[in-house]
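The structure appears right after this line, and notes come after that.
Letters A, B and C mark the chains as written, and numbering starts fresh at 1 in each.
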Amino acid sequence: MPADMLTLGEIIDRLGGDLQGDPRELVARVATLEKAGKGDVTFLSNPRYVTQLGATKASAVVIGREIPVPDGVAAIRTDNPYLYFARLSALLNPVERLDESLHSSAVIHPDAVLAEGVTAGAHVVVDADARIGRGSVLHHNTVVGRGVVIGANCVLHPGVVVYPHCVIADRVTLHAGAVVGADGFGIAWDADHWEKVPQVGRVLIGDDVEIGANTTIDRGAIEDTVIEKGVKLDNLIQIAHNVHIGEHTAIAACVGVAGSTRIGRRCRIGGASGISGHLTIADDVEVSAHTLITKSITNGGTYTGAYPFERNRDWRKNAATLRNLADLAQRVRQLEALLMKKDA
Amino acid sequence: MPADMLTLGEIIDRLGGDLQGDPRELVARVATLEKAGKGDVTFLSNPRYVTQLGATKASAVVIGREIPVPDGVAAIRTDNPYLYFARLSALLNPVERLDESLHSSAVIHPDAVLAEGVTAGAHVVVDADARIGRGSVLHHNTVVGRGVVIGANCVLHPGVVVYPHCVIADRVTLHAGAVVGADGFGIAWDADHWEKVPQVGRVLIGDDVEIGANTTIDRGAIEDTVIEKGVKLDNLIQIAHNVHIGEHTAIAACVGVAGSTRIGRRCRIGGASGISGHLTIADDVEVSAHTLITKSITNGGTYTGAYPFERNRDWRKNAATLRNLADLAQRVRQLEALLMKKDA
Amino acid sequence: MPADMLTLGEIIDRLGGDLQGDPRELVARVATLEKAGKGDVTFLSNPRYVTQLGATKASAVVIGREIPVPDGVAAIRTDNPYLYFARLSALLNPVERLDESLHSSAVIHPDAVLAEGVTAGAHVVVDADARIGRGSVLHHNTVVGRGVVIGANCVLHPGVVVYPHCVIADRVTLHAGAVVGADGFGIAWDADHWEKVPQVGRVLIGDDVEIGANTTIDRGAIEDTVIEKGVKLDNLIQIAHNVHIGEHTAIAACVGVAGSTRIGRRCRIGGASGISGHLTIADDVEVSAHTLITKSITNGGTYTGAYPFERNRDWRKNAATLRNLADLAQRVRQLEALLMKKDA
């Protein structure tokens, strides 16, 4: 993996923070506390790893204001070591670019409009009336449908498909296999079979959104599905038609959000959780992993509904009792009544 | 999005229903009650939105027989407004077609047989001995394996992969990234490692099936995996080897169906639910979201097994108690015995 | 489906086992007990299907040592009929190969190194500095990123994407739509928005691994994500950054494994289960379907946490009671205290 080399002084000049150590020290790579060696820079963000700090062989560590570092390890002091480390890693690991600007095997429709500096890899397809903004990169085998609008400095990784007429803003990243704008699941029952409900809305994706591999975001049935700016979606997520996700919400992998649900801003949705359709979720809601949200949530906070795992033999007994839980509660009420009567 | 324009009279002529209003009124687009304006037609199907009806600015509304509509809004009266609306939306939003019939970059094996009117987009691959029926559309970058049979008027969206020897009937739609016929998960343990069990069955898909984006349907181990006619599958669904899904069953996103299970007709399977292997599910079964079905079901009806979500602090207490639920039930039995003895 | 034809004698010569019947009998196809006819070989592994044995019309059955077979059916006796059958099916169903070694539409970078006998289908892309080992097959529309290393005799099915610098050993199979090496979900909060944490690790995949359709395996944030030899992953699985999966572990479909978790050897993880981040799971752990593992597991055995499904009306009552379970337990404690006092 290519990496640039920087002195600690150059890093401080670019990213701020306070240096405790020799500004001429060179670092080339990021590394974990445990594996770091000479020329590596690491970080300590989670206090539970502080015991690993003493043994690190890193040249430098990005770390909070108060924690002492071992002799021979330079410290870059900052209030948010994880964020600082993210930026430092970006400096040391610049994004690789494709070789050619438009590969000869790319099929760009004559009525598509590509801004200057667009890169298209092998076997890319851009259909009629699509518009791609300055500096965007379409990796190999991506397909951009008719009338799609993609802003500046976006990255579509290999095999991404954007259906017709969807709109993607600036600095959006779509990982391999992501599908934007497939038909929502709209079907109407007619006596003895389903008929399809045309899905004529679009998907609108805001600035700085990142979408994981093989995630699917369906187009709206009538109006649009909306992913606001700064939203981060992990892999294998399903966003159904007419969902609206507020700014800076982050959703972990394997989540499903059903149709027409509106999720607030800065929510954090745990892996493999689900949100039923036609709900409204407030800002700043955290949903735990494997939790199904079946009602609207009006206040921020953490909501959970995962079954606690156990040894199978214990689960068998408890789960069997759970099937009679309402009965059990009724029997407790009877016992209480009986004792109350006796007391009286 | 292109749309045709129709008078209300033309709509009634084509789709039936009773018009209350001016048959010369023109409509061009479908819209929601809330957003509709002049030239838009909307619908009211769910009674809970009846309060929005008074404020709508739509030119016309598709609606049930009895509900009054505001002045200045034409009504198309029908017994099933949602179904009528689906058909009306299809009239106003005809499906867009690819420009060319066989793109020059498509790789069609000389031993493949394409009927008249087949459309193949850029970078499509059709392997030897495949047969594609009249009017079917293979969008960009789809791959049709050796010996695959695809019927008439099917649509394969970009990036679909159909493995060798699978059979797809007429009017089937496969959304982007769907994979039909990958190997089932068949492995046999040999002392210290797994050996692969060859998967030599096929996938058979009936008429009018629709399959969502990135959904996977595995080929059978020995016999075939079967999806009967009229089945509707949403996105990111896993159908394992030798599953059999009955006619007109609809399955929401993120569901997994394990191997050799047989699902009846007209079932409705909720999002992110699962059905274990080797089960038989009756016709007309509804499974709620996030529910795991672990035993065969012999009667129609609704089955549920989702953990109810709560504030995390409440969940912590209740979930901890759940781990001792069998004990709790035992203590209640002891209390009952004790009181019975006292009474005696 | 093409199939070779073998005598029972030839089969015994190649695979071992004891023949009870005529070694000159020819078989051409594998089949189920129920559907098998003349020329078919079937197997009986699960005792619950022994009742089907009497009616089978197979020419031969692969079966355990003790179970009697009907007249006219040859028996191949072995200690592990399922494993034997897997090998026999592989003999009768040799893998189909692509027609050409390097299709003219494949885009192979001049700085990529392909060993002899590599097959690349239509529209394949192999980027700079990638190395592909002897006998590996890249099916149509696969994308192999810059600097990727792929060993010998691997199979990448259509549409597979391998991101730059990942390393895949020998005899690895990747099914259609699988994505190896997309960025892990690393984001750092900065006051009012997320910043991306560069994902500079790789994915390392060992010998004989098989990965299902549309499964995603993210690259590491700093160090590598590791899938050890012999691991078998089903479809639509998410493996997050820096996960480490031990040898010969098998994971069923729709599972999510969160970041930095370490799973032991020979584990079996049921469908749609999940494992939280930063955990350690011992060797030989079995996780049941739909179970969320939230704590490290130090001993082998089976662990379960699925909500038992019921008729919806029963679930409603029990689930409502579950929301007050801690209260119920408290009331039982009060009853116990009250009775103890009375007894005293």
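In the analysis below, a residue touches a chain if its C-beta (ideal position, glycine included) is under 8 Å from a C-beta of that chain, and two chains touch if they have at least 3 such contacts.
No experiment lies behind these values; they were computed from the predicted model shown.
K.L.:
Line, ring, star, complete or other: which describes how these chains touch one another?
P.N.:
complete
K.L.:
Mind checking the rotation angle between the two copies, subunit A and subunit C? C-alpha superposition, nearest 5 degrees is fine.
P.N.:
An angle of 120 degrees brings one copy onto the other.
K.L.:
Between subunit C and subunit B, is it the same set of residue numbers doing the touching on each side, over half shared, or a different set?
P.N.:
Mostly different residues form this interface, as fewer than half of the numbers used are common to both chains.
K.L.:
Rounded to a whole Å, what is the gap between the Cα centroids of subunit B and subunit C?
P.N.:
Once rounded, the distance between the two centres reads 25 Å.
K.L.:
Which subunit A residues sit where two or more other chains touch them?
P.N.:
105, 123, 141, 159, 177, 214, 236, 254, 272, 306-308, 310, 320, 322, 324-325, 328, 332, 335, 339
K.L.:
Note which residues of subunit C are touching subunit B in the complex, please.
P.N.:
Of all residues in subunit C, those touching subunit B are 1, 3, 30-32, 35, 80, 82-83, 85-87, 89-90, 93, 96, 99, 103, 105, 121-123, 139-141, 157-159, 173, 175-177, 208, 210, 212-214, 230, 232, 234-236, 248, 250, 252-254, 271-272, 289-290, 306-312, 315-316, 319-320, 322-326, 328-329, 332, 335-336, 339.
K.L.:
Touching subunit A in the complex: which residues of subunit C?
P.N.:
105, 107, 109, 123, 125, 127-128, 141, 143, 145-146, 159, 161, 163-165, 177, 179, 182-183, 185-190, 192-198, 200, 202, 214, 216, 218, 222-223, 236, 238, 240, 254, 256, 258, 272, 274, 276, 287-288, 291-294, 301-308, 310, 314, 317-318, 320-322, 324-325, 328, 331-332, 335, 338-339
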